[in-house]
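In what comes next, subunit A is part of two complexes: it sits with subunit B in the first one and with subunit C in the second one.
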Partner chain A sequence: MTTDKIIRVSIWVYLGIFFAYLLGPLIIMSATAFNSPSFPRMTPWECLTFNWFGELFRDERILNGIWNSILVGFGTVILSVSMGLAGALMLTQIWPKLRATYYTIIIAPILIPGVVLGISTLVFWDRINRMLGLGADSFLSNGLFLTIIGQSTFIASYCMLVLVARLQRYDIALTEAALDLGATHAQAFRKVLMPFMMPAILSAAVLAFLASFENYNTTTFTFGEYPTLTIELAQKVRYGITPAISALAFMIVALTVFFALVNEANIKRKKMVAEARKDATVGELAGKIEVPGLISRNPAAIALIVLVIGVATVTASAMTYSPDQCIADVQEQKRLETEKRIQELRDRRAKEAAEKAAAEGAEGGATQTAPKPSNNSGFGGVFAPNTLQNEGADDGASDEGAAGSSNNSGFGNVFDPNALGNDNN
Partner chain B sequence: MSAGVGVDLENLWIRFGDFVAVRDANVHIKGGDFFSFLGPSGCGKTTILRAVSGFLEPSEGNVLIGGNNMKGIGPNKRPTALIFQNLALFPLMKVWENITFSMEIAGASARDRRKRADELLDMIALPGQGDKLPSELSGGQRQRVAIARALCAEPDVLLLDEPLSALDLKLRQHMRTELREIQKRVGITFIYITHDQGEALTMSDDIAVMRAGVIDQIADGKTIYNDPATAFAASFVGENNVFRGKVLEVRGDQALIRTNRSGDLLSRISTANQGKMNVGDDAMMFIRPEALSLAPTGTQGDHFVTAKVNHEEFEGNSFNIFMEGDGGKELKVAIPNHGQSFDDHSGQDMTLEYDVHNAVAVPAGELAAE
Partner chain C sequence: MPGFLKEFFNRNGTLMGSLMLGLVLFWTVGLIILPQLSMLDFSFRPNLPPPEIGGPKDVYTLENYKYLIYGPEGGSQDYNAVDLKVFFRTLVAAVCVTIFNLILCYPIAYYLGQNKGNHIRVFALMLIIPYWINEILRAFALRIIFGESGVLNTLLVGSGIFDTPFDFIRNDIALYAGLGYAYILLMIFPIYNVIESLDHNQIEAARDLGAPWWRIHKRVVIPYAKPGISSGCTMVFMLSAGALAAPQILGGPSSLWFTQLIYQQFNDNSDWPQGAAYAIVLLVTCILLVLALMRVFKVNMGDIGK
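Let's look at the complex of A and B:
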């Protein structure tokens, strides 16, 4: 009994750890998008702000990167899904003896490092470009073209795997039936095979788009004048990151979750409709189709409404809610705190000095060897390098800075990671 | 009823590498006939069908439809429609779209298609089911939709590849009648492929019995059943008791056969083999279970068989007695049930009698597998 309980508890603990591991970074990153400090951090929580979203949409490079990523994504989807479909069809029609070899060859790009694919794409098309005697500004050396081609080399293989899985369930007799009923091969392909493959084609397209969107290894060699989002982010991170990137991450996470939910709801809906149709067999004989409830019929639409309402609320509150006051308050508070501490420190040192002077006076010159911990005690520590710096700081670092000021070296806060963020303000 | 379009196979050979699937087939199918190819699986009957429908080019010989040579003409250009073994209904199209697929290909409007679909749905007794998906229909309904889809293309020849094999017994029997009726109504040539002799016998005008790529016999059902040309045809179509032996004497259209274990028995020589069986030839003699009757035990003669009873069973309309037979095969006798009481004779010897006209002798040959 108890071992049972232990097992059950440990399963829950394991699940907790597992999900924390999976989702924790995403949650924390999302939260930092709404905190006002200029370095992405969750604690201490200062002010709820939507400014980082605004900041994000004012960042020309990020926007340009997103746009380029979308362009590349669509190009890659079109190219790799069609290549994947062709490859999959070929696989089912090739001689069985060659099939294993063919499969290995066509899967190989997945196993090759993206860096290698990027370099080889660049080198290959550069050669072609030169062979054709074209200049450096030709279409073949265009970053968009190269990136799409380079990414498609391996994304097409992913697409093929998805499509082959569906194609294996296809009954070739369906094509024969279409031919037998007078269709040409093209018509049979378009009217029978394609509709059957559609779900797999859509999955492959989504997969291709996501793979393209997140790709860095290959793109880094081919992007030319079209830096994609991943390239832009990588370049940005070199100069330190801001919560604007958290805001972008939050939006990507939110969209992903949203579409996953929509998809789930859609699948459920289809099941329900299918069941409703089966149940309706008797009713249909009388020419009636029962209308299921609105909710069961269209959860996707409802999810969309929820999203629209959510976006509208967030936008509206972001428009009306201004964190400026809060930020100003926090700054004021910090300033006061710092001043207070400086004052405290000053007082304490003055007191210590006075005590020491009194003690020295009382004991006379007997304790000459006793060290003097602070020579400049008379100035109340105002010349301590760190105290000065902290006055300008507007984030939580000032607390530590002030508290640890007596221990600090002459370098001040330069090695504090937050100092980078502070420079931006 | 229109005369229909005939189909001819001339010296048809079909090879796959070294394997000969069809060997020198010569068949003349009259227009408007219901013609069946009957044979066990793997005998090449589906291959013939694929050659007629155009999915397969014959290695040698010709397929003629309505007197026109079909060489080099693709399946989509032939006046045939094929009903597939698994029906091959388009799973994502509604029933009416399935049925009128051929019209869609021809560019007909949706309204015309709907109208035609409704007509055909009435014909196959599925009115108002046009908006369902094939997966929402029962097996028999799908069957009928497949027939309607093929008929919608207005073919001259309808080819059916064991379309009833997936159905349960009751439905199969019902669909037999229905298919035959549809064929009479539309008056086009049906070519039917089956391994079920019951289907072939009940529906067909003519039957071709096939064995390992060779056509053994082409005749109407009655002839094949009563007057088989080969040992295979005799043993494949219907139940039959076999007696192996050698020809002892030929008396006109009858032969006395010295059987391995039942003595000398007299038999009619099958029509196709008359004049071809000589004294001393290996022969096989067939007697149907229902052609045997009980005789007083111990009676001797050239139309009496004595054997030991192995076991008996009661089948409702008849008693079946299984006796020790020739070559490991049991001898089966069916005694009609007239309400008489029946004693168990297991282990005893029993004597059976038959009419010489109901026994048929053919040259020894391969028997159908059980």
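Let's look at the complex of A and C:
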């Protein structure tokens, strides 16, 4: 009995660690979007602010990137869903000897590294472009075309997998019946097969759009003059990160959770409707599927409503709330702390200088070697090595240097290495 | 017109048939086969300025591959130690990430596959949500955590485990955590799919016959789940060996990933044939490694991707 209990406890501990690893980073990243320091951080928490969202929406490159991503996404969805559908239909018809080879070919793009796909697309279409004698600005070497082509190569494989799963349940006799009744092939396809495939086509389209939206490895070789959102983000993250990116991440997380809950609530509702239909008369049905019925016994729907209310409250308070006072307070506090530190430093230097002078005086009174530390204290500690280092660290905001760490170890974690730089801004 | 083509058009109609055939041919030949062959061809050519392409200097050469092994001609070293080291380090690290992911994901896949109920749906939802977040943003999130003044360092220093912040990024811990993080779902889903179809009675039977839990896994669950485990491992290995975003964002300044070398050849050196040669080397090595491991563990190619 006790071993059973131990196993149960360890399972829950394991689940806890696992989901902390999975969700923790996202939660922390989302939280940094609301903290005021210019380097995304959770600790120390300074001021609640919504300014990073404003900054995000003023960023031309991000907005342009979102627009390009949507363009590429739509192109990719259309191309890869149609190729995936054709590929899936072909799989059911191709004769068995070739089927294994064919399947390997169309599944391979999933396993080929994205970098390789991007390079091969770039090299191949560059060559086609040269063969046709077109210039460097033709549509074939245009970033939009190349990105759509490159992404579709492997996204079509995902779509194909989704569509094949549905197609396996399709009764080919339905098409045959339509043809016998005088429909043309195009009509049979449009009126019989398409409606059956529609749910799978929709989920393939959503999958394709998401895969396209977040793709980086392939796009980074093909984007040309159409940098997508992911490319812009990568540039930003590599050369200095700001909480504005956290703000974007928070919105993406919130949207994802929102749609996941909508989907979940929908599934649950359908299930409940089906259950209700099983043992209800037509008259009872109308009463059972009203809005209250949707919420009761549907945790996803409740979570959804809570989420929406939460977002609405946050947005409303963001309109009225201003963190300026708090930021000013924190800066004032930091200024005081800095002054205190400078004062401490100055005292220490002065003491050291005095000791040194005393020692030297004892040795033989060599006054010509002016002790360096006393110089610094003479200038009021502004040129103290630590201060300079901190400013440097703030300039290279992406990588807060070891300067910060040396301070931290000395003064505990209260002092923020960037704080000094912020004061100067 | 050959017989099989005629039959195909009879079955699908001329319009639908040619549309289907056209799309499939465009995809398989135009997007998959020809670009790869073109890249292979390109990797054997010297790096020439555009006007000289197709000219007398445009001949096949092994120069680009030699460069990876021996380095620049007349170089001080006998071998291209830097690039080779990066190459092997990438492969070894990708294998380690795969093993780490397998150990982390197998228990949860087993748990999700063998339990039913509402909380399983919630767990599945929580698994899928991170996967919908941009790859770059996921790496960024880990960067916030592993940074010099990040949450983890604050915790460790604050609780007195370390005196000074530990540089997770320079020691590549952030990179490995990020790579593992990125592909968790790709490891869980194939294993989950297989284990879900395992009849729970088999496990009960093994237990009734007196097998301890580890033997049940060794003799019943793992042999059954082998196709799922191998396709999960294949995907994670290929993707982490070919990852670019995580090494760029989470990698230390002194350590490179092989894909970053390829990226540099293309974007900084504008030496496309050299980059193509490196890409070919990466692709071929990864495929050979996967095939060799599949031979060792006796798994069929057909099981992958199910």
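Quick note on the criterion: the second predicted complex is superposed on the first by the 307 of 425 C-alpha atoms of A that agree within 3 Å, B and C clash if a C-alpha of one lies under 4 Å from a C-alpha of the other, contacts with A are read in each partner's own complex, and residues count from 1 in each chain.
In this section, a residue touches a chain if its C-beta (ideal position, glycine included) is under 8 Å from a C-beta of that chain, and two chains touch if they have at least 3 such contacts.
Everything numeric here is computed off the predicted structure, so don't read it as measured data.
Taken together through their common subunit A, the two structures put subunit B and subunit C side by side without a clash.
Of the two partner chains, subunit B is the only one that A:F196 touches; subunit C does not reach it.
In the superposed three-chain model, the partner touching more residues of subunit A is C, compared with the other of subunit B and subunit C. Of the two partner chains placed by superposition, subunit B and subunit C are both touched by A:T184.
Superposing both complexes on chain A places the Cα centres of subunit B and subunit C at an angle of 60° as seen from the Cα centre of subunit A, in steps of 10. By the touch criterion defined above, A:A156 reaches subunit C but does not reach subunit B. By the document's definition of touching, of the two partners only subunit B reaches A:L174; subunit C does not.
Applying the stated contact rule after C-alpha superposition, one finds that A:R127 touches subunit C and leaves subunit B untouched.
In the superposition on chain A, A:A260 makes contact with subunit C only, while subunit B stays out of contact range.
Between subunit B and subunit C the least C-alpha distance in the superposed model amounts to 10 Å. Residues common to the contacts of subunit A with subunit B and with subunit C across the two structures: 184.
Looking at the complex, you find that subunit C touches subunit A at residues 4, 8, 11-17, 19-21, 23-24, 26-28, 31-36, 38-39, 42, 50, 53, 104, 107-108, 111, 118, 121, 123, 125-130, 132-145, 147-151, 154, 157-158, 163-165, 181, 184, 213, 234-235, 238-239, 241-245, 248-249, 259, 262-263, 266, 272, 275-276, 279, 282-283, 286, 290, 301-302, 304-305.
Only residues 53-55, 74-77, 80-82, 84-86, 88-92, 101-102, 104-106, 128-129, 132-133, 136, 149-150, 153 of subunit B touch subunit A when the two sit together in their complex.
Looking at the complex, you find that subunit A touches subunit B at residues 171, 173-174, 176-184, 187, 191-192, 195-196, 277-278, 281, 284-285, 287. Subunit A contributes residues 7, 11, 14-15, 18-19, 21-26, 28-29, 32, 39-43, 82-83, 86-87, 89-90, 93, 95, 100, 102-117, 119-121, 123-125, 127, 130, 149, 152-153, 156, 161, 184-186, 189, 210, 213-217, 220-221, 229-230, 233-234, 237-238, 241, 245-246, 248-249, 252-253, 256-257, 260, 264, 299, 399-402, 404-405, 408-409, 413, 416-417 to its touches with subunit C in the complex.
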